[in-house]
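Going in written order, the chains are labelled A, B, C and D, and every chain counts its residues from 1.
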Amino acid sequence: MSRVESLIGGVKRPPFDILRAAHVELVVADLDASLAFYDGLLGMIVTERSDGVAYLRGWEEYLHHSLVLRQGAAGQEPAVDHVAFRVAEDADLDALESAFAARGCPVRRIAAGEETGQGAALRVQDPFGFPLEFFHDMTTVPSHTQAFHLQRGAPVLRFDHLNFHVPDPESAFVFWQEMGFRATEYISTDGEDERITGAWLRRKPTVHDVALTAGTGPRLHHFAMWLAEPSSVLRVCDQLAAAGHVHAIERGPGRHGVSNAFFVYLRDPDGHRIELYTCDYYTGDPDHPPLRWSVTDPRCRSFWGTRAPDRWYEESSRVLDLEGRIVDIREAGVDERTEVMA
Amino acid sequence: MSRVESLIGGVKRPPFDILRAAHVELVVADLDASLAFYDGLLGMIVTERSDGVAYLRGWEEYLHHSLVLRQGAAGQEPAVDHVAFRVAEDADLDALESAFAARGCPVRRIAAGEETGQGAALRVQDPFGFPLEFFHDMTTVPSHTQAFHLQRGAPVLRFDHLNFHVPDPESAFVFWQEMGFRATEYISTDGEDERITGAWLRRKPTVHDVALTAGTGPRLHHFAMWLAEPSSVLRVCDQLAAAGHVHAIERGPGRHGVSNAFFVYLRDPDGHRIELYTCDYYTGDPDHPPLRWSVTDPRCRSFWGTRAPDRWYEESSRVLDLEGRIVDIREAGVDERTEVMA
Amino acid sequence: MSRVESLIGGVKRPPFDILRAAHVELVVADLDASLAFYDGLLGMIVTERSDGVAYLRGWEEYLHHSLVLRQGAAGQEPAVDHVAFRVAEDADLDALESAFAARGCPVRRIAAGEETGQGAALRVQDPFGFPLEFFHDMTTVPSHTQAFHLQRGAPVLRFDHLNFHVPDPESAFVFWQEMGFRATEYISTDGEDERITGAWLRRKPTVHDVALTAGTGPRLHHFAMWLAEPSSVLRVCDQLAAAGHVHAIERGPGRHGVSNAFFVYLRDPDGHRIELYTCDYYTGDPDHPPLRWSVTDPRCRSFWGTRAPDRWYEESSRVLDLEGRIVDIREAGVDERTEVMA
Amino acid sequence: MSRVESLIGGVKRPPFDILRAAHVELVVADLDASLAFYDGLLGMIVTERSDGVAYLRGWEEYLHHSLVLRQGAAGQEPAVDHVAFRVAEDADLDALESAFAARGCPVRRIAAGEETGQGAALRVQDPFGFPLEFFHDMTTVPSHTQAFHLQRGAPVLRFDHLNFHVPDPESAFVFWQEMGFRATEYISTDGEDERITGAWLRRKPTVHDVALTAGTGPRLHHFAMWLAEPSSVLRVCDQLAAAGHVHAIERGPGRHGVSNAFFVYLRDPDGHRIELYTCDYYTGDPDHPPLRWSVTDPRCRSFWGTRAPDRWYEESSRVLDLEGRIVDIREAGVDERTEVMA
């Protein structure tokens, strides 16, 4: 067993039950422009809009929101206010509060309704600087899975996962396993000095709820929404280009090596990155074997060999701390592109 | 060479050049309801609407219309006013007028503008009772092939073909070859008494501009519009069902044996049948061999073996003569379903 | 809350953890013919074949088998030997044995290796007569999710679910909830005398691991395999028809109302029914609301309104008891087609 | 009317009838490797192989070949022996011979059978140095459009078009119109000094039989084969990557701006470029309006904005003259990438 293999598994079950990655809240420069993108072009449902905040969801979702767009103050840099995970029951919030407090992380209780549509919640700044929210209660609303005649754009069906830029993916990899997540795939360098440059971990039985990518961080590389099938991905590209938003298409569409998913990466009007994602695989059995990719395999990022543009590696959304300040970042010690340790 | 094979080809080129099947004009009971179907649900473009007549086209088309919906008088039976073919130049109208007059068919010149957007035209009642129109000139308008962000429904891209119910398909088969059409596929009974029960003939190099199906006629079995690809056909079915129009879906979706196309048949609010059709094949070389299907092959109608519902065989749109009267019909001498001669 | 609604939920968690439906073992009349169908036409992988038994799996699967085909004795009726569920750990087998014994059901321990590739297991005859197997350990083999160049047919990716014909679906519905399954959708009659005619329950967070359909039983209506996307379903229909197996296509392809999945039902050489299934939705949150369909909604079985053929309602595979004898059947008290209580 | 617009149309019909682009003959370094690519991976049918030459066709085609692979001599540079067009009848060969002789172009008659499966033909070196072949007669063989169970790879259905690298696309544009081709789309520079940098011309009513791209020439940029639909393009990429040929994928898959087609460009083992192409549009009416793209529109090459790699612009297959010698090349006066005149 290699050093990297020894980092996988062998973690005891934590005293809380995170169900899945559930939503993100983005600070945006122009709420109307952001809604034109997420609602008008990608085809999400606006559940509610008020006071400079819009709450959106996918067509399959029955919870109040899976994306929150908050109008920033004049001159405020677009950023990620927080990313959220749903837990199995409210009692998990207590267990999570204890766990993060024990790690010395800032924690804050969020009262029911403080985030519209959401019950009591917990926000923490994790050891890597990310603003995480945990919640169980959320107002339910009708899902519209089969309202095909009303659907626009992609359409976006549901929230799928989060991808973090972290300077040291191995530490974060250990952390997320301690949170109860299981590794499904990872990319590592070859040779004796093997190091993880990317890792995919899941709670729900898909390829991931959280992905960790070596890069300047803490930053949110992207969040991802699930579409019905590959033809949906192609159609939304046609629609974006036709509507004059060709520059929103950053990478793809294509097949991922990691995850096997069919994807496209888009940049929203503030540069926040969203992945439209479909057709990964089932990972729910407890002995599901993690899959390693060599960082030198041209197919691990794009199964068809297309190199991602440099900005896909370099650019990411800054995150806020619990006081709303931009969190400082530091560079990664490894760059997947050069396959060379710094 | 069998008797049926001797009916194929060997016809000299006529003194006119029909380019392709081009449009239909339908008498409808409720123009608003028809537009809700063709515009709202199937996603055609309304070029112009006035005086109880609407002119529609597909997203790829640059001619004024490929479908005309005309509000019928109170109590008037929905019917087909005429079906139209585009010719290569205006001079072809003279040659066609002579040819039909020589057959003793009623003919009528249509002045430019009499049909909105269309130049000088010729209408005839063919030997089987069908109201045919021939035209060359038509107002051009922008095509919107790549306006993906505006497209709805299927979307319908362009007119593809006409399918006639005729009591004696063999006579009609000879006639349409004399009009310069070439046979691409046909269905016939087995054995010594072989008879054609269906035939597909083309001018443009696809499987057909005109199909002939044994049945009570003259009636228009359906007209067909081209979609981009099979996933478009599936999507419009989802949308129709979601919008409460599940009963509009009559047959399919599925793969045709004849033509290899992917299809679905719909019934509009008046019962007029439209086929959404895609992915047939190229037939443009002069020696392209006609393909025979035995009427007993379960795959000739539906390659996957699904039997068409009886109403698909039995129901069709009545047609008008040049004076606007419903044309009398008679039964066919052969029924594909029983494979038995009357 | 209606009587039927009162049947949903409110069940305490059982002392065992069933992960998901996992495989079926079929008795077949001609193993070569069955392999030609499942391996050659549908594109499953034969992990191992010996002594008149073949073990197959999908391209995504890393366990030894998800389909077992066992050559029947001369003259033996094709039947279902057992259907199997994977449990979270071996200790669950003890808890399940106790639970079924307490219900007075026949139980039998299966030694490791008695079913090739499988560890210790438990077989029971459930209160409705079905032969259920529970196991945790199974030999692992490589998955071939991305071996696209080797894939044939559909290709089949993984086992998805089981559908049982039961005379009294409500009793079975209560039973499966007690086994820890959660209802996702159901069909019921309208009016005061509301009764469930079909129900879908899940362990893994898809629409179902088990479906219950009112009908003569106990019989296995079908088992289902997951495909990548709708175009895979269309392609396998084309291939089956081209290969001379058009009669294997029984119903579809189409969109389900219930589950929203895209599907086709096939009959194997012995008449066992397999569904190829894709694109349902995520159900993993604990408050996921069950969806009711009225039995009178033409879209609940086929979202596009196509009525299933009568044989789809009437025909099913007989099941064996723990001694290998065909289990007696009785008729259902409700027929979804007539929507009338017997 | 601009200078460029004045170059379009207004040409009288030539005294011959070219039906369409029909095949290419490639000199290859290793016939086995080339067949592994075209037959094994892309799924073409080998009609015949003998004496170091293989004749292939698509599944829809009923002529003997649409691709000829000829084993080169030891050390011979891979090249294009000739590209071929089918004419309506043998008499067209005489008219073409006269027309090319009148231009001072080298011409050579090819006896029936000199190219296996082909009747009498004419080869010429056109004014730009390209080795063109014209033929009418070719041995017919069964088409296998619906042999879905036997199809592999893409599968390739039929020959679609040729794309030439020419130093001066405007002169070639005039020439091909004189050959009876009609312009469907073109790319030109903006401003007073407008120049054509790419042009698409057709005989059959699709977007093109011949495309002209500004670049070092005469060289064959690519030939293209038609697939059934976009999902076929995606599938062959998956299969190529899985089979270890990820480097064969040069550009795409994606949507073209020009032609609206869905495409991928591949490089064969010798570097010859093949495009897999589907879903363009109908252009057969005589007044079909040519579509202009500005060379500055990021969508004209890739509708989704992805820039083609430099090698796609720079690399091409050298062509042979009628004596089998490599034809000299010269650089283009315009580079689409820089949008600057040399």
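Everything below uses one rule, namely that contacts are C-beta pairs under 8 Å (C-beta built on N, C-alpha and C of every residue); 3 or more make two chains touch, one makes a residue touch a chain.
Keep in mind that what you see is a predicted model, and the values were worked out from it rather than measured.
Asks: If you fit chain A onto chain B using the CA atoms, what's the rotation angle, as a multiple of 5 degrees?
Replies: Superposing chain A on chain B takes a rotation of 180 degrees, nearest 5.
Asks: If more than half of the interface residue numbers appear on both sides, call it same; otherwise different. Which is it for chain A and chain D?
Replies: Looking at both copies, the contact residues mostly coincide.
Asks: Which chain is most remote from chain C in terms of Cα centres?
Replies: D
Asks: With contacts counted as defined, which of the two, B-D or C-D, has more C-beta pairs across the interface?
Replies: Taking the two pairs in turn, the one with more contacts turns out to be B-D.
Asks: Please compute the C-alpha centroid of chain C, do the same for chain D, then give the distance between them in whole Å.
Replies: 51
Asks: Give, as an integer number of Å, the spacing between the C-alpha centres of chain D and chain A.
Replies: The computed centroid separation for chain A versus chain D comes out at 44 Å.
Asks: Starting from the mean Cα coordinates of chain B and chain D, work out the distance between those two points in Å.
Replies: Chain centroid spacing, chain B to chain D, equals 34 Å.
Asks: Residues of chain B that contact two or more other chains, please.
Replies: Touching at least two other chains: 146, 230-231, 238, 240-241, 303.
Asks: Name, in rising order, each residue of chain B that touches chain A in their complex.
Replies: 41, 146-150, 231, 235, 238-243
Asks: Given the complex with chain D, which residues does chain B contribute to the contact?
Replies: Spelled out, the residues of chain B in touch with chain D are 19-20, 60, 62-63, 86, 88-89, 140, 145-146, 157-158, 204-205, 226, 228-231, 257, 260, 279, 281-282, 284-289, 303.
Asks: Within their complex, state which residues of chain C touch chain B.
Replies: 230-231, 234, 237-238, 240-241, 246-247, 249, 253-255, 262, 298-299, 303-306
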